[in-house]
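Letters A, B, C, D, E and F name the chains as they come in the text, with residue numbers starting at 1 for each one.
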C-alpha cells in the first residue's frame, strides 16, 4: 500500500482540480477550503514516499502495470522524493496564503484560479516524479500552460509578459522535445533508467551530443539561466501575488531538478563531466547570472522586481553547484533547491502581504513597516539574513557547500562569485531593512522615546500571516537541521559515482 | 533583433544537421528506434489488449499516463482561457 | 473604441445555403465523430480525433446559427462541466484500477468487475478512456473557441459586445 | 587530554538567546519584567560559565556536539582554557553592562528599548558561542550572528550618521565574513578538518604560498572586527551608538571576538612552529606594532571622548596581537591576559564616558574641566582604569605589559620592547590630561561643585569594574582565576608547539 | 554530398522548417506571426518524430486481422511501422493546439489593452505611459 | 513510398510555411497555415502515420485554423511584417 502513495501524489490534486469548477458553481466560498484540504494529501503522500525511499531504498511505480521501458514508470529515489516534499509543502503553504490575496486581486476569477492552481501543482509534481523523458515533457507543458494563464491575469503588462513567456517557454519545451527525439532515434527508448543503461555505449555519437545540448538549452530556458532568462523578470513580477509566490520558488527549482536528473541520471556523470565541456559553459553562465541578477536587482526600487532578479541570481547558485560536478557542490545544489524554495516563497509571501496591506511595493514607502506589520517584517528580516548567508539560517549552509564544491573543483572565480553575491545580497536586503526599520527620523525624535505619532499595528490577515511565519520558522529550522537532512536524504540523492 | 533571430535559427539548424549525420538512414527498419522498444508493441499489443490498432493500444494503455497528461493539457487550456477571458455578467453566478 | 471587424464568427449567417448545408452536415459529423471514437480500436482515430470533430460540429453550429442558438444546445456551464467530466472519466478509471488493487491505470484489474478476461478488460478500459478523452477534447475545444471568438462573453448579447 | 561531555556550553549560549526572545515577547508593556529577563539571563549565564572553570583548571576540556554534517564538518562546542578565559570575561562583564544599560536607557529615555535589549542578549549569546567554538565552522557561524546582532545596536540612534555608521560597519564585517568563509572552506578542502588544536593543525597541508595567503585572509577576516589598522575605519564611526553598546563593542564582545579570532588563528590553527617556518610572524608583528603606535597618536588628536577611547581600543587590541604573534611563552601570556585586563579597564572607561553623557551631556574631552568634584566616583574610576591602561603598577595593566616586554626580550626583538614602551607613554599622554583637568582644573560653569552623580544603576557597575582592575593588578589570580587559565592555555600551546 | 543530402532529405526539410519557425518566433514583430511560427516549429518537430518511426516497405501499424482470437503466430515486426513516435506525436499535437489556444487568448488580452498586436508599437505605448 | 511525390509535398510544405510568414494579411496567413497543416497531414499519411495525420487534419487544418481566424477576427487583420 505504501507504494500507492506515489500514485496519490499526482492523482489527488488532479482529480481535485476537476471538482473545483463544480464546487465553484455550487458555492464559490468552498473552493478555498477544498484546495487547501486537497493539497494536504500530496504532502502526506510525498512524505510517505520519502519515508519508503529512506527505509527501503529507491523504487519504481509502474503505471498501468506495464514493465518499463514499455510502460511509463515513476522513478522514486531520494532526489525525487525530496523535491516532491518541497514542492507539495510549498504549494500547500501558498494555497493557504492565497485566500485573501486572490479575493483582493482577482475577485471574479477565484474558481478558475484555484483550478489552475491545482493543475500547476499537479504539473510540477508530475515533472518531479516521472521516470520517462517524454512524460516529463507532457507535465512540463501542463505546468507551463497553467502558468501562462495565471501570469496573464496579473497587473498592467502581464499579458505581454505572459506572451513572451509563452514564446520562449515553448521554444524551451520544443528544444527539450527535440532532445527527446534525438535520444529516441539513437536509442529507441524513452525510459530514464533504460536510457541510462543504453547510453554509455553511444557516448561518442554526435546524435547524443546534440540531444544533450538541446536538453541543456531547453531546461536552461525553463530554469531561466542567464542569457535565457529574458522572460522571467516580467512574468514573475507582473503575476498576481499568490501566483508569483508559487512559481518563483518552484518553477525554476523544478527546472533545476530536471537539469540534475538529465545530467546525472539519464546521462551518467562521466558523460556530462568528461566528454562534454558543458559544465564549464554552464558554470560561467551561472557566474554571469549571479552578477547580472544582483546588479539588476540593485537598480530596482520595486520590491517584487528586486526579488525577481534575485531569483535569476539564485538559479545561478544551483547551476554552479551542478557545474562543479562533485559531491560537495551537488550536495549544495540539492540543498539550495530546498533552501531557496523556502526563502523565495517566504519573501514573495511577505511582498504579497505588504502589497495587500499597503498597496505599494516601493522600497522607499515601507517606512515604519516594522511597527505596522512586525511579524511580517520579522519574517522578511530572517529570510533576508538567510539570503545574505548569515548562519544559522539555511542560506548559509547551501552557500557553504557550494563554495566547498567550487574550491574542490578548483574554480576560484565561481567561489569568489558566490561570496560577492552574498555581499550584493547584503546591500540589497539591508537597503530594504534600513528603510523599514531605521528610516532616519527627525533629530528631535531621536532621544525621546515614543512621542511620535502612534503607528497602529495593522498586521496582514491570519491566512497570510500564518504561512509567512511558518516559512520564516522553516528558514531557521532547515538551517539548524541541515545536517540531518544532508545525512539522511541528500547524500543519497547525489549520484553514487561522485 | 531580426539578425539575432536569424543567427540563432541558423545555429540551431546547423547543430541539428550536425546531429543528423550519424543518424540511421531514413526508413531503416533496424534503426534503434524501431528495434529496441517498439517491436514488443507490434508483437504483443493486439494480443494483450484486444485492440488491432497498435497506436490506440499504446496510446491508451501502455502509455495511457501520457494520454491522461494530454487530456489534462486540454483541460488546462480550456480553464486557462476561461480564467483569462471570461467576464462576469450582471446578475449571474459562476 | 470601435473596432472595425471584418468577420464576426458568432453571428448568425445570412446565407441560406450555408445554413441548410450545415444543418444537414452537423448530425453526420457528430455520428462520424462517435464512430471515430468507438472504432478507434480497429482503425485510425480515437478519442482525441473524435472529440475534435464533435467540437468542430458545435463550432460549426456557432458559426452558422449564431452563438445564442448554439448555446441553447450546449451552454457554457454544461461545457465546463463536460470538460472536467472527461478528465474525471479518465482519471476515475485509473483510480478504479487503483482501488481494485492494481497500479494506477492498470486496466487488467477491471476484469474483477467486468468478468470478460484480461485482454477484453484492457480493451474496454481503452474504450472508456477514449470516451473520456473525447468528451474533454470536445468541451475544451469549444470552450477555447467560445472564449476567443466572443472575447469572454459567450452568452451575452452579441450586439452589446464592446471591448 | 580528558574530555568531559556536557551540554553546559550549549546552555550557556542558549540562555541569553531564550532571554532575547522573552524580551521580545514582553516588549514595552512591562519594562521591569523585560529588564529582569536580561538580569536573570546574565546571572544564569555567568553561573553556568563560572561552574565550568574548575573543570578547565583540572586540564580537562568540555565538549558538546550540536550537529554533524560531514566527517570533520560539524557544529561543536569545546571549551579549552583559552575559550574559557574569553567566556568568563564576556559573561562576567555582561552582568555589569546589563545593570549599567538599564540605568543608561532609562536615564536617557531611549527609544526602541526592546530592540536594544534583544540585540544585546543576542550579541552575548553569539560571543559565548564564539568563545566555546570547537572549530572554525562553529566559530564562523557565531561570528556572523554576532555581526548581525550588533548591527541594530550600532544603528540604534537611527540618525543619519548612525545609519551611515551602520552601513560602514556592515560593509566591513560582511566582507570580512565572506573572506573568512572562503578561507575556512579552503582549509577544510585542504585538511578535511576544522578543529582548533593547540599549536595548530595546518602544518604540512599545503605549499607555503597558499598558507601565507590563507593566513592573510584569516587575519583580514578577524582583523576587521579587531580593528587592525588598515581595517579599523568602522570602529570610530560606530561610536554614534549608545555608550553601553560602545562599551560592549569595544571592551567585551565584538572587538574581543575579533582579537580572539586572530589569536585562535595564530595559536590554534597555524601554531607557533608553522608561523616560524613561514616567517610571517615577524611581518605580522610589525603590522600590529604599526597599529599600536599609529592608533596611539591618532587617539591623541581626538577631542570626542568616545572616539579617543576607540583609538585606545585599537591600540590595545593590536598590543594583544603583537603579544601573541611574538610566539614566546611570556609574550603569549601577556597578550592573553591583556584580553581580560583590557576588557575590565576599557569597560570602566566607557562606563564613565556614558555616565558623563547621561548626567552632563558632555561628550568632549575639552568639556571635562573640574568635573571630578561633581562626579568623584565616576572620575575616580576613570582615573584608576586609565592608570591601569598606561601600565602603571599596581593596576592590572602592569601585569600584562610586564609579560609583553618580557616576551619581546625573549624573542630577541628589542624593537618591540620600544613599541610597548611607546604605547605606554602614549597612553599616559592621552589619559592624564583628562584626569588632571577633571580633578585639578577650575570647574566649568555648568559643573556643580557638590556631589551629584549619575544614576546609581550606572555608577555602581563602573565602580565595581574599576575595583576589579586594582584587584587583578595585585592578585592576578583572584576570583576568575584568569592567570591560571592563561598559563594553562599557554602551556597547551607551547607544550605541543 | 548530394548523396548524403538525398539519403536524409527528410531531416533536412524538418531542420529547414524548424529554422523558419524559430526565426519567426524570435524575429517577427507581429504576435500572430510569432504564433504561426510556433505552429510551424512544432509541426517540424512532429515531422521529425514521425520520420524516426518510418520503416521502408512497412505498412500502417494496424493489424489486418481482428484482434480476437488472433493466434500465437509471430507477427512480423518489419511489416508494421513503429507506432511509438505516432503515439508521442498525438500528444505533442494536442499540446501544440492547447498552447496555441492559450496564446491566442493572451493575444486578445493584449489587444484589449493596447489595441495593437505589433511588438514595437506596444513597446512604444509602454514607454510613453511610463510602465 | 513515391519519392517524387514526397519531394513535391515537402516543397509545398516549405512554400506554405514561408508564405504563411510573409503574407501581410493575417487572415490569409492563417489560411495558408491551414494549407500547410493539410500538406503536412498528407505527408504523414504517406509516411504511414495515419493516426497522426488524422489528428493533424482535425486539429491543425481544422480547429487550429478556426481558433486563429476567431482571434484574428477579434483583433487586427493587418500585420506590419
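Points to keep in mind about this one:
Here is the rule we go by: a contact is a pair of C-beta atoms (placed from the backbone, for glycine too) under 8 Å apart; a residue touches a chain by one contact, two chains touch by 3 or more.
Keep in mind that what you see is a predicted model, and the values were worked out from it rather than measured.
Within the contact network of the assembly, the step distance from chain C to chain D comes to 2.
Of all chains, the one whose Cα centroid sits at the greatest distance from that of chain A is D.
Distance from the centre of chain C peaks at D, each centre being the average of the chain's Cα atoms.
C-beta contact counts were set side by side for E-F and A-C; E-F has more.
Put simply, the C-alpha centre of chain C and that of chain F have 23 angstrom between them. Taking each chain's centre as the mean of its C-alpha atoms, chain A lies 43 Å from chain D. Chain D and chain E have CA centres that are 70 Å apart.
In chain D, no residue touches two or more other chains.
Of all residues in chain F, those that touch two or more other chains are 1, 50-51, 55, 59, 63, 67, 70-71, 74.
Among all residues of chain E, those that touch two or more other chains are 9-10, 16, 20, 22, 25-26, 29, 51-54, 56, 58, 60-62, 66-67, 84-86, 88, 90-91, 94-95, 97-99, 101-102, 104-109.
For chain C in complex with chain A, the touching residues are 77, 80-81, 83-85, 87-88, 91-92, 94-95, 98, 102-108.
Interface residues of chain D, counted against chain A in their complex, comprise 28, 67-70, 74-75, 108-113, 137, 140-142, 144-145, 147-148, 152, 155, 157-160, 162-163, 166-167, 170, 174-175, 177-179, 181-182, 185-186, 188-189. Chain F makes touch with chain C in their complex at residues 27, 50-51, 53-55, 58-59, 62-63, 66-67, 69-71, 73-74, 77. Contact residues on chain B toward chain E in their complex (touch as defined above): 1-2, 4-6, 8-10, 12-13, 16-17, 20, 23, 25-29, 31, 33-34, 37-39, 41-43, 45-47, 49-55, 58-59, 63, 66-67, 69-70, 73-74, 76-78, 80-81, 84-85.
Looking at the complex, you find that chain A touches chain C at residues 4, 7, 11, 14-15, 18-19, 21-22, 25, 61-65.
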